[in-house]
Structures are given as structure tokens and as C-alpha cells.
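Chains here go by letter, A, B and C, matching the order in which they are written, and residues are numbered from 1 within each.
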């Protein structure tokens, strides 16, 4: 749930499997694969990651193309058909407390819920990634300044900080997005800084500096490619966290507001119906759980395929 | 031997590293990594630097490359001061001076092909991409790697010796005059080491290079060097022509270091280790002569006064020693000349 | 060691100040005057008077120092809703949160360590796979959803346990209160349990693959003694994760407390947000985040005791 699982971050570079053979194995030209091709190939042989990717793709596609799927209007309420059970004709997953079609609402709900999971991480990646790179590559005072400020924000439990920011700014999707972004920036900064510092200390960066290249060229050619993997793995975990937290904010009334279709909000409004229709009232949470779990499993798969230890 | 302008001249180079853990309120603790090091290198020769681990050999190399900023000291390349008014800029310095590191694997970016790694330097100096890659291919051939076979490979697909050859090619890509070899062959298997050393000597001859050869391996240094510099705890203790230093070492440390080499002759056994214990802590080095705590000839003067390097007579050229026994008026009971 | 301790404590001061500054700023980010929500339609003169009495008419940085000064003396102000001192409200709420937090951690950590050790030791067996899958499900679990599931199962379906509230008894240790605590504790324990299980498993596997374990085996040590060595080496990492989890659990209990209407800090925070009761909001966030800072400090100190390499670095 929270990404501070491991205090240590170690990076293993490349695909170093055991000590390199002393014998010269002739390999014909053109058979070499780039690192990312190797990673892709490994992922393609990982059924769990593939399945999760497929499920997520399905969720995203359904959410994006929802208007063309011939679903009932997710906002059309009808008090005559409140809380129909799962499997009712015309309402495959039943209806909610206002008689709105659950399947349609869950699919439409993916629009907000998935976006609120992914967008904060992308934003935080842009800001925190840059800060971390700058801090890690510059070292010294710049690093001190950036990392000490980061430490302060890191000194809050993630959910508390998100609730505090969203609570202070007031309810609303935009505020919730902003709150979660602010929570994630220091976390991404930390990981990026730590990996960058590690890479920067390696001999090949020394060698690149010794060649007289400028900082920008060194970062682009030598640092970015090596930092990207671990940061990507971490960001994938954060998406899973983000989905849970953003739905949680809506759940306590700080994110989306009624009648929006959003999983956390739906989970909250259906809480009054747990006596009448327990199965229905659990469905939105089920979606949050599946989406979050898929991102977690993909992150595990990526970690394995990239040989990254986070 | 003394030319008016030595190819590379180093004067009073000093670098102290602050130690992290410092006592509250107390003075900042410093590791005296390199202290008052001076030497010259003549064009076309190989200067070997030897010493135990932690004596400042590698730091000296990095200071020359300005990968670490020296606290003090002057470096002149071809009589031009480095990073001084009217002297060489950092970029010019690095065009003329390149370095090869010990760890062949860590010194290559795992995400880049061999060709891209070699071409990076020239590209950074404005050579167009195609030309840089072409040049990388030529360099690969020069270091004995078939360009079409190895050019597109990644570091993990090469053996240690092959990787070190790639590192040489990369160092040569900027056509430097001086190459610093920091333990460049130390991590290789003995059989591979010999091949790579021969390659190094060939390259030096063909490209008219000058080498600064840093190693803890006394035999290898003897084999490749023209002059030798012996370092102990950040200080130069002896400098001289390789044969002189190896056959008639003057400084007690050099004598002990050479005596601790296992002999190739099984009949000769080292009865008692000539050097006992570890070098003292470089944070708080002994006063006076830094070697005195392990020196059999140590006397009171060694603790009170630091010996300045003095010239000793030598048939093969300049030879200096920093030891009170060689300073006539030092007050040491043993007088050597 | 002592030196490390002092340095670590010293280092906490700027962090704590930074945290207080963030907390203060947050509340002043709020759109509109903190008073206008409460006071509603009053004439301008009265509003100005009230603002002056709360000190809202002064420049922000002065307000910060005034606030910091009163916080240092334990004065967190008065609730805008009830007029009661914030400190008193907070202490009651914190005790309630602590009660379920400690129980949940004890439960989650012990279960997590056991499962993780077991799983790491029997790496690759179907039991390990089951534990690992359960753990990854646990870390992905929206705990507020788990809370609802627990309510549906234990309260709605079987009627064994109360769904919400605190019970009417005044003592925390009454049977009725304990019954109210069971479900929140279970809901809170799930994530720490899963996280600790994952960490312990990874840690045990890594240590088992180290050469010194092979050396121990070669010396003929019993598996039990080896297990002891493994535990000793896994301790610092697991300890760190446990500390973080405990603090996260207290800070993140807002969602679970909301589901169960458990009168702890999270629930208080929720009420304060929607009442726009700024002193309570500020006080709660400050208390929880300071506790987090404090826990981190304790964890670091414990870690340096369990792993001598930490303090030397």
C-alpha cells in the first residue's frame, strides 16, 4: 500500500549473469538485442504480467470507449429498479441505490478512477524525476537543498498528507489530483536521486566526464538510460498506491462529488445499502482492488525483467 | 635528463578529503590522501606509481585528470598550466590526457554498445555521428578487436580482457598524448594480462604515447616503466629510474616493499616479513617521516622533522629520496650517500 | 554510538520545524477565511473583531511564529465548533487511535513476520506461493474496502460483531469496547501484515543466499542455529519497515476510522475537514505528522542498535 516498503535502493545494471566468460564466443553481427528488447522479451514470457497488462488494457479501453459500448446511461436513475441483484436482465451487474446501472457506472467510473491513479504519478514523475536527477547529478549544495526540502514532505504519512492537502484545498477532483501529486513528488525525487547518485559514482560516468563532455550530454547518454528502469518500476507501484488513495479521498468526500461515477465515491454511497445488497455494494471496491493489484503485479514483473532491486 | 620543459610537471599537489563523522565542536578531520606530491614525466616515457592500497596512487591519477579538484598544486602539460590564466581549459586538458580504470565492467555503460561507448568522447567534442562511429571502428581494430564482430555488442557480452581493450580504445578516441592507466591490468587473469600489456606497449610505440602507470603490482611496473615513483601515505618517498630503484632501492620503505615480493626462485624463502602491520591511519599520520612507525631505522629526528626529498647520485638520471638517512646534516646516526 | 544518537536527534529538529511550517501553510491554503465558514452571515465589524481575537489579521509569518510559540507550550487553540480546547479533544482521540493502532500492529507484524520467515525459508514451494500471492493482494488492498467486507461478513451476515461506534462503556477495556475494536483492528492489520511479510520473505531469501550461511552449514550448525543467524541479520531491515508501517497505520487510519465511526484522530480529522474547524484540523495533522517524525527517529535509533554498520556510516 505504501511504497516505503524497502528503505534501501540498489540498482543492478544491465544483464550481468555471473562472471563473464574468458573465452571469446563469436557472435555474429546484428544478433545483439538492446537492453529494452531483452526486457520486452522477458516480459513477453511472463504470464502474470501479460495477464495483468491485458486486464488493465481492457479496463482502460472500456473506459475510453464507454459511450460506444451501448451501455445504459450511468447517470439515469430510476427508483423503481433500485438495488437489483447481480444478473438481472438488462442490468448484468444489478443497479445501485438510485436504480442506476452498475456495469455502466463501473465502466464509466474507470475514466475518473484510472485517470486519478495515473495522472498524479505522471506529473510527479516529471517534477520529481527532474528534481531527483538534478540533485543526484549535481551533488553538494544543490543536492542538500533539494533533499532537505524533500525530507520534510517525506516526514508525513502519504495518506495523511493527501487528506491534509485535499482537505485544506477543499473537495474536488482537481484538488485531489494536486494533493496526490504533491504526495508523490518527494517519493519520486528520493528514488531518482538515490539511483542517480549511485550511477554517477560509477566508473563509466567518470570516464565520460574525463572525455570532456558536458553535463547535459552525460545525463542524456549515460545517466537517463540507467535511471529510467528503477524509476519506472517505482512509478508503477505508485500508480497502484495512487488508485487506492485517490479513490479513498473520494470515499471520504474529498475527491469526486455525486453524481459522478467514480469507484471510491460509489463505494461510499453504497455503504448505506450493505444490508440490502451486500454484493452490489462491494463491486466498486473490487474494481479498485483489481486495478491496484494489476499495477503491483506489473511492477513486480518489470522489476524481475529489469533486474532492479528496489 | 632534465629538459627545460618536462612534458608533464606536477608541483606540490595536495588533496585532503574531509571525513564525514566529525566530533561536535572539534576541528574537521581530514584524510590526507595526497600531500605535497611533485614529479615530472618526459614525453614518450612510462612513469610507474607504486605503493600499498590507500597510499594515494589512484587519487593522484584522478587529480591529474581533474576528476577531483586538487586543494593545491600546479599541473603543467607541455609547459602550459592547467586551469590557470592563459593555460589549458578543462576540455583541452581532457583532450590531451585520458584515463583507463581498473574495473573494466563498471567503466562501460551497460546500456551502450561498444561502438557507442567509444564514439561518445569524439561526439562530445563535436565530431559528427557517422565520423565518430567510423573512428570507433578503426580504434577497435587498433586494439585487436574485429569491429564487425564486437562493435554492436554490449559490455556484458565481452570477456574482461576484451572489455579492457574497449576501454583503451575509448581512451584513445580523443587522440590524447598522455594516458593514465589506473590499475588497468590488475583485475585481469595473468594470461590475459600479458597480452594486454603487450598491446599497451605496442600502442605506446605506434601512437607515441606517454603513460602514467599506476599499479600495486611491482613486477608489472618494473616491466613497463622507465621511471618509478614510490608513494607512502600520500607522500612521495622515492623517485628514480626503474632499474636503479629496483636494484638499489634507497628508501627503507622501497627496500621493504621490494623485499616483500615473493621470489620466483623456490629456494629463496622470505623468512620474516619485512613490512609488518598495516599502514597508519591517513587521518592522523605520524609526525615527521610518515614511515617511521614501521621503519627499523627510525630515530628521534624522524619523529620531529619531515624529510625533504634529496637527490642521490645515480648513473641513470635523477633519483630522489625522502629519508633522513640520506640527508647529510639531518642528525640521523646512519649516514648514507 | 552516542555521537550518532545526538546527531540523529539534532537532525530531527529542522525536519520537525519544516513539518510545522507545512502544516501551518496547508491550513492557510484554504480558500476563504477560516472564520467565514463558521461565523456565516455576520456584520463586518463583528467579523473583524473575531479575526483579531484569533490573530488572523496579522501577517502570515507572524501568525506562524505566534502559533509555533503557543504549540510549544501545548496550546493548540480552541475548536471553532465546540469551543473545547483542541489539546483535550486530540488526546482523547489519539488514545483511541493508539488503542486500535497498537493492537493492529501487534497482530499484523507478528503474522507478517511468521508468514514471511516461513515463506522465505520454504522458497518456491506451493505454500510460499500462497503466502506471496496473499501478500501482494494485501498490499494492493484498499483497506477501506476490506473494512466494508468485514462489516458485511461479521456484522451483516453473521451478526457477531458491532458494525460501528465505540460502545457506551467509559472504560476502553470493557468487553463491549473490545468487541467494537475487533473489526477496525483486523482492517488496519491487513496492510502492515502484507508489507512485513513481503519484506521479511525477501530479506530471508537474500540472507540465505549469502556465503556466510553456507559457511555456517559447512561448520555443521543446526538449522535452528542458522535460523537464529538469519533472524539476527534480517532484523534491522524488518525493524525499519515495521516502524514506518506503524506510523503509516496511525496516519492513514482516517479511512478505516470513518467506516467504523471509531472516535480516533482520523475520524476527528474527517469531521474537522467538513466542519472547516481549522484549529482542530491543524492540531490533528500536526500531532500525527510529529508522531511520524518521532517514530522515524526511534526506528533509526533502534536500527543503529540492531545493525552497528548504521551508526558508523
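One rule holds for everything that comes next: a residue touches a chain if its C-beta (ideal position, glycine included) is under 8 Å from a C-beta of that chain, and two chains touch if they have at least 3 such contacts.
Note that the structure is predicted; figures quoted are calculated from it, not measured.
Compared with chain C, the chain whose C-alpha mean position is the greatest distance off is B.
Centrality by Cα centroid goes to chain A. Here the spacing of chain A and chain B, counted between their Cα centres, is 49 Å.
Note on chain placement: the centre of chain B and the centre of chain C lie 54 Å apart, centres being C-alpha means.
Centroid to centroid, with C-alpha atoms defining each point, chain A and chain C lie 22 Å apart.
Residues of chain C found to touch two or more other chains are absent. Touching of two or more other chains is recorded for no residue of chain B. Not a single residue position of chain A touches two or more of the other chains. On the side of chain B, the complex with chain A involves touching residues 62, 65, 67, 90-91, 93-95, 98-99, 101, 103, 105-113, 117, 120-121, 123-125, 148-149, 151-163, 167, 170-171, 173-174, 189, 192. Every residue of chain A that touches chain B in the complex is listed here, in rising order: 13-17, 20-30, 32, 34-35, 202-204, 206-214, 217, 221-222, 225-226. Partner chain A is touched in their complex by these residues of chain C: 14-15, 18-19, 21-23, 26-27, 29-31, 136-137, 139-145, 148-149, 151-152, 156-157, 191, 194-195, 198-199, 202, 237, 240-241, 244-245, 247-248, 250-252, 254-255, 258-259, 269-270, 272-274, 281, 285, 288-289, 292-293, 296. By the touch criterion stated above, chain A contacts chain C in their complex at residues 1-2, 4-8, 148-149, 151-153, 155-161, 163-165, 167-170, 240, 244, 247-248, 251-254, 267, 271, 274-275, 278, 281-282, 285-286, 288-289, 292-293, 295-297, 300.
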